[in-house]
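You will see chain A twice below: alongside chain B first, and alongside chain C after that.
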Partner chain A sequence: MQPARAPFRRSSAPWFLLLPAFLVMAYAFVLPMLVFFRYSVYTYERGKLIDEFSLDTYREFLTDPYFHTIIFDTLKVASITTLCSVLVGYPLAYALWRVKSAAAKRWLGLIIFSPILVSVVVRSYGWTVLLADQGPINWFLQMVLGFPEPIRLVFNLTGVVISLTHVFLPFVVFPIYSTMTRLDPTLREAAMDLGAGWWTTFRRVTFPLTLPGLLAGAQICFTLSLGAFVTPSLLGGGRVIVLPLQVFTATSDINWPLAAVGGIALLILAMLTVILSNRLLRFSEV
Partner chain B sequence: MTSDVEFRDVSKVFGSFLAVDNISFSVPQGSFFSLLGPSGCGKTTTLRMASGFEWPDRGDVVIDGQNMHNVPAYARPTNMVFQRWALFPHMTVTQNVAFGLEVDRRPRDEIVRRVAEALELVGLTDLATRKPRQLSGGQMQRVALARALVKAPKVLLLDEPLGALDLKLRMQMQLELKRIQREIGTTFIYVTHDQGEALTMSDQIAVMNKGRIDQLDTPQAIYDRPATRFVSSFIGNANFLPVDILDCSDTVAKVSLGGVTFASMVNRKLSGKSGVVSLRHERIRIGNEAATSQIKTNATITDAIFSGAAITYVIRLEGSDAILTVDAPHDGTTAPQSIGTTVRVGWDGDATTTFGDRDE
Partner chain C sequence: MLTRARRLPHYRYILLGMFAVAGAIYVVAPLAVVVLNSFSSVAYSVFPPEGYSLRWYVNLFEQQDFYLAAVRSVVLALIATAIAMTVGTMAAYSIVRYRRPWANLVKASLLSPIVLPNIVLGVAVFMFFIRTGAYGTYFSLVVTHVVVILPFVTAVLTAALANYDWSLQEAAMDLGAGPLRTFFKITMPQISVSIIISSLFAFVISFDQVETTLFLVRAGDNTLPIEMFLYLQKWQDPTIAALSSVLIAFALVIVVVLSLVMRNKDLEATLLQQDRETDK
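Moving on to the complex of A and B:
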């Protein structure tokens, strides 16, 4: 027997609702993408755009070790940032969930949310000051803990990761927090009633059931990190070249084909992330 | 008989609200004990103090001879069946049931054996690999029961476990619960607001009202000899009619209901001149049936409602004009009375209880 199909009008309603979004997408995404693809199959030689079909730019991008390093660094920055955000964000979400007083909850929520309220440029310069060799953190390390030399915390990968983790934290905390609040509180009581202490209850009940939120947060963080531009350029000090920076440089050199190929590489990485995390998400859901 | 659970002068406050007010009871080993009362009377709170999810603000909870003063939920010899069952949604039926044994680090083969036994007991062997969302309400209920019972607790605590099931299934599960309880001999503490459920299943019922226990007795004693006006109105259906008290001893009062005088039961010597008599709907006889009753009078039928197994009459008593509701069995032997006719009605004095005017 075949499952009955919903009447046409009912099943088509969602598509009508999606129409405005489709129109916006067509104009703001599909059209530019087509332009994008066109440029990516052109080449650029000695300051001139040659508009003939050729895969040379792709070939260059995929074989030149310089671009390999860029792709690798992009993935590295995104991975470390995601890992740090999750490691900081999950306990934070848990604390926000377990805090009893409503006032404390509000303040904690505001603090977690605050990075988004501050302009990215201001925030990046703030971090530059905080993390500098003469900044308060290094002062503390040298004066109080007796480090012989300042630790380089800025204008390298470390600075980029610290600042990105800071700004993407809310995007990790809130999906996790929302799965936690949707968790039936009697489940934890049931686990404890069956003899599980706090840790076992967390490991066998709370964590598996909040995993979808964690994956969603990690996915958002990873894709946002892939596309981050201002933070790597201000806090990387020219030493951390990620794909968005490469695209920007190529654009300012009016090397459109190279910029287009870099953009496409970025798009593919983002799409792979989404596909992979959707797989994991489906696996983790009950 | 030894007692498995004992509450000694236990009170619990939430903020300034007294949810449980100085209650004491003791549950004999292997018995089916019900906490019965209306919504908000403190049943769940009492049960949660036994399971260790709430802590008494005063008094002691003693389980299996041990004071539970400092014993957390996970270390108590009790297990709970939650109101909405609280099954782990990411685990299969087997995994749900095995959870408590795995936590205790029992050997693998013992876990397998005991889980199989528990699933057998509740008749779920065929559904062992399903996830909770693939089960019906009744099946989830059985999983919750198996999950708690597999740990072989001293005391099983059940918080309105049948509340979310439809009527037919609820009746069926009542019988099944009772069967399981008899089979394994574990002490059950059962919370419900459904008097029928409590009456059918329990060995003993504690009727709770506003945080206190109004009466603790066997189902029959509670039904026949309500200790308070609240118990009398909460359990079964009763008419409450104002009466004059002509004379009163410790156990019996001579009362007058619009000229009809009879001896009614009392729980204590009432000092006032007037009171309220409770007359159960089905204890009033009507028509020819009334001939054998101790007290007889005339009444006019003002309404008759047919409901299958019984006919409910609304009658007005001659002399007092008191309005009474009467449930007469409909067994086909007598024709139903028609509205407007005057009939003989009667009841037995010892089937009534009189309470003081201001008694609750």
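Moving on to the complex of A and C:
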């Protein structure tokens, strides 16, 4: 190595290594997003796009009750899914953490996490079969529990939420389990030595210390649910219209301004979720 | 605590155990029912099945569309993963190794697409490629997939490199190895678990990508998930169940191979360590 050239090489090497990543990001992320924002202020008239500045699409989106319903449904689906995922995911993570036998731990972990490897299309399809009027669940309800007629579980909000919870469960269990393994065992022992029962120990020690993991999992689940497209379109049966479906439909109808505004609404919701939960996270760690 | 539990399994342990079993059933049920349904003898889904046959598998193997779509998906995912791994490793190395003041900003900007719902990215690249005339090219599809998986790869690899003992690298360089040789011979083996994990996830995310691909492929060039998604919107016959069972079998093979390959390495510890690092 020639000493005279070394300083130059040292200062340019980090940038040279970053260059490909920046090029890819600029070409397929930054520029497309700029074009996307640009189209949100285009004029759309009788099936044609006109390059004229207008805020009509935003106005329409914010005042039309149809879009209010869509935004409300999107938030409803995401909230219920997050709630269900946390209610199922926290005890599962707890069981995974507390189980003593190594084999049981490995199997439970494998069962919880391997569905990530299976396509969302396959898993959503599985739920349409499972929840169908003539499917196993309704068979069980009618034959074993004696329900007079099948309960409509699919092609409505119920089916979408059950399936989305299944899809996002690993993403909720993982951060919770991760905070649990990080927990200092002496804290729990100290609490028990000082006479606290298991419930008090859980409530005053374990739960508060794993709250950051729970919030992180909830944030991931909420953001992913907001953007879910495959599951609502396969299990919603056209009755559950969420923002991603609206964006897709508007794009197919060549109403690009409407697609762009819907996408921006989705993006704002996702960013608000992240900001809000980061605030909560900081609060929960103090 | 331990002794008390052994003496008398407290009801809360029994409840927790029952919950874990119920949770496991909930996770496995939709996959199990798909496999069961694929052996059905009738075209409609009914439980319990009215009879068993292999006709849907026969039907599946007669449909060339699915086969071609699967090949396209594998090729696309392999190319996108290879590019993202190369680009992502270079970026992660730069961020961790040189520790410049801008490192955190660069990392945050490379991870920023994670917040973006994929469908928004899909529509945005669709509009952009139509506008620039790149729509329909294979390049546009590959580069979009790279953008989707790059944040995950970068996150895992920066975490792995941050935990890597850099004095090893210095030792190798001092002994006269060039930077590339040092990287491939010394650094890479040390972070091999993270490399395997991140490329596996990158492959799976790319292979299963629906939201972005949907806008970028022309009717005859569908990838497998798109082909399945569109098929399901028209028909619901168990051909899809047979195809899904094949995919589930592949996922099982991946799990088995991975657990064999990683037998000597503490996979769980690696994953948790990564999570810890990315929290910071």
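Simple rule for what comes next: the second predicted complex is superposed on the first by the 257 of 286 C-alpha atoms of A that agree within 3 Å, B and C clash if a C-alpha of one lies under 4 Å from a C-alpha of the other, contacts with A are read in each partner's own complex, and residues count from 1 in each chain.
Note that in this section a residue touches a chain if its C-beta (ideal position, glycine included) is under 8 Å from a C-beta of that chain, and two chains touch if they have at least 3 such contacts.
From a predicted model like this one, the values you see are computed outputs, not experimental measurements.
Peer 1: Identify whether chain B and chain C fit side by side or clash on chain A in the overlaid structures.
Peer 2: Partners fit side by side after overlay.
Peer 1: Looking at the overlay, does A:Thr128 come into contact with chain B only (first), chain C only (second), both, or neither?
Peer 2: Second partner only.
Peer 1: For A:Ser119, is the partner it touches chain B (first), chain C (second), both, or none of the two (neither)?
Peer 2: In the superposition, A:Ser119 contacts chain C only.
Peer 1: Does the superposition put A:Gly197 against chain B (first), chain C (second), both, or neither?
Peer 2: In the superposition, A:Gly197 touches chain B alone.
Peer 1: For the three-chain arrangement built by superposition, which of chain B and chain C touches the greater number of chain A residues?
Peer 2: Comparing chain B with chain C, the partner touching more chain A residues is C.
Peer 1: Look at A:Ile111 in the shared chain and tell me whether it touches chain B only, chain C only, both, or neither; answer first, second, both or neither.
Peer 2: Touch status of A:Ile111: second partner only.
Peer 1: Look at A:Leu280 in the shared chain and tell me whether it touches chain B only, chain C only, both, or neither; answer first, second, both or neither.
Peer 2: The answer is neither, since A:Leu280 touches no partner chain.
Peer 1: So in the superposed three-chain picture, is A:Leu209 touching just chain B, just chain C, both, or none of them (first/second/both/neither)?
Peer 2: A:Leu209 sits against chain B, while chain C stays out of touch.
Peer 1: Between chain B (first) and chain C (second), which does A:Trp139 come into contact with in this model arrangement: first, second, both, or neither?
Peer 2: Touch partner of A:Trp139: chain C, not chain B.
Peer 1: Just checking: does A:Arg182 make contact with chain B only, chain C only, both, or neither of them? Give me first, second, both or neither.
Peer 2: The second partner, chain C, only.
Peer 1: Just chain B (first), just chain C (second), both, or neither: which does A:Val24 touch?
Peer 2: In the superposition, A:Val24 contacts chain C only.
Peer 1: Shortest C-alpha to C-alpha distance from chain B to chain C once the two structures are superposed, in angstrom?
Peer 2: 6
Peer 1: Take the contacts of chain A with chain B and those with chain C, and give the residues found in both.
Peer 2: Residues 189, 192 of chain A touch both chain B and chain C.
Peer 1: If we count contacts the way the header does, which residues on chain A are in touch with chain B in the complex?
Peer 2: Residues 184, 186-187, 189-197, 200, 204-205, 208-209, 286 of chain A touch chain B in their complex.
Peer 1: Show me the residue ranges of chain A that touch chain C in the complex, using the header's touch definition.
Peer 2: 13-15, 17-18, 20-21, 24-25, 27-29, 31-33, 35-36, 39, 88, 91-92, 94-96, 98-99, 108-112, 114-123, 125-130, 132, 134-136, 138-139, 163, 166, 169, 174-175, 178, 181-182, 188-189, 192, 198, 216, 223, 226-227, 229-230, 233-234, 244, 247-248, 251, 256, 259-260, 263, 266-267, 270-271, 274
Peer 1: Under the touch definition given earlier, write down the residues of chain B that touch chain A in their complex.
Peer 2: Residues in contact with chain A: 51-53, 72-75, 78-80, 82-84, 86-90, 99-100, 103-104, 131, 133, 147-148, 151.
Peer 1: Mind pulling up the chain C residues that touch chain A in the complex?
Peer 2: Against chain A, chain C makes touches at 1, 10, 12-13, 16-17, 19-20, 23-24, 26-31, 33-34, 37, 44-48, 83, 86-88, 90-91, 93-95, 97-98, 100, 106, 109-110, 113, 115-121, 123-129, 131, 140, 143-144, 146-147, 150, 154, 204, 207-208, 210-211, 214-215, 224-225, 228-229, 232-233, 236, 240-241, 244, 247-248, 251-252, 254-255, 259, 268, 272, 275-276, 279.
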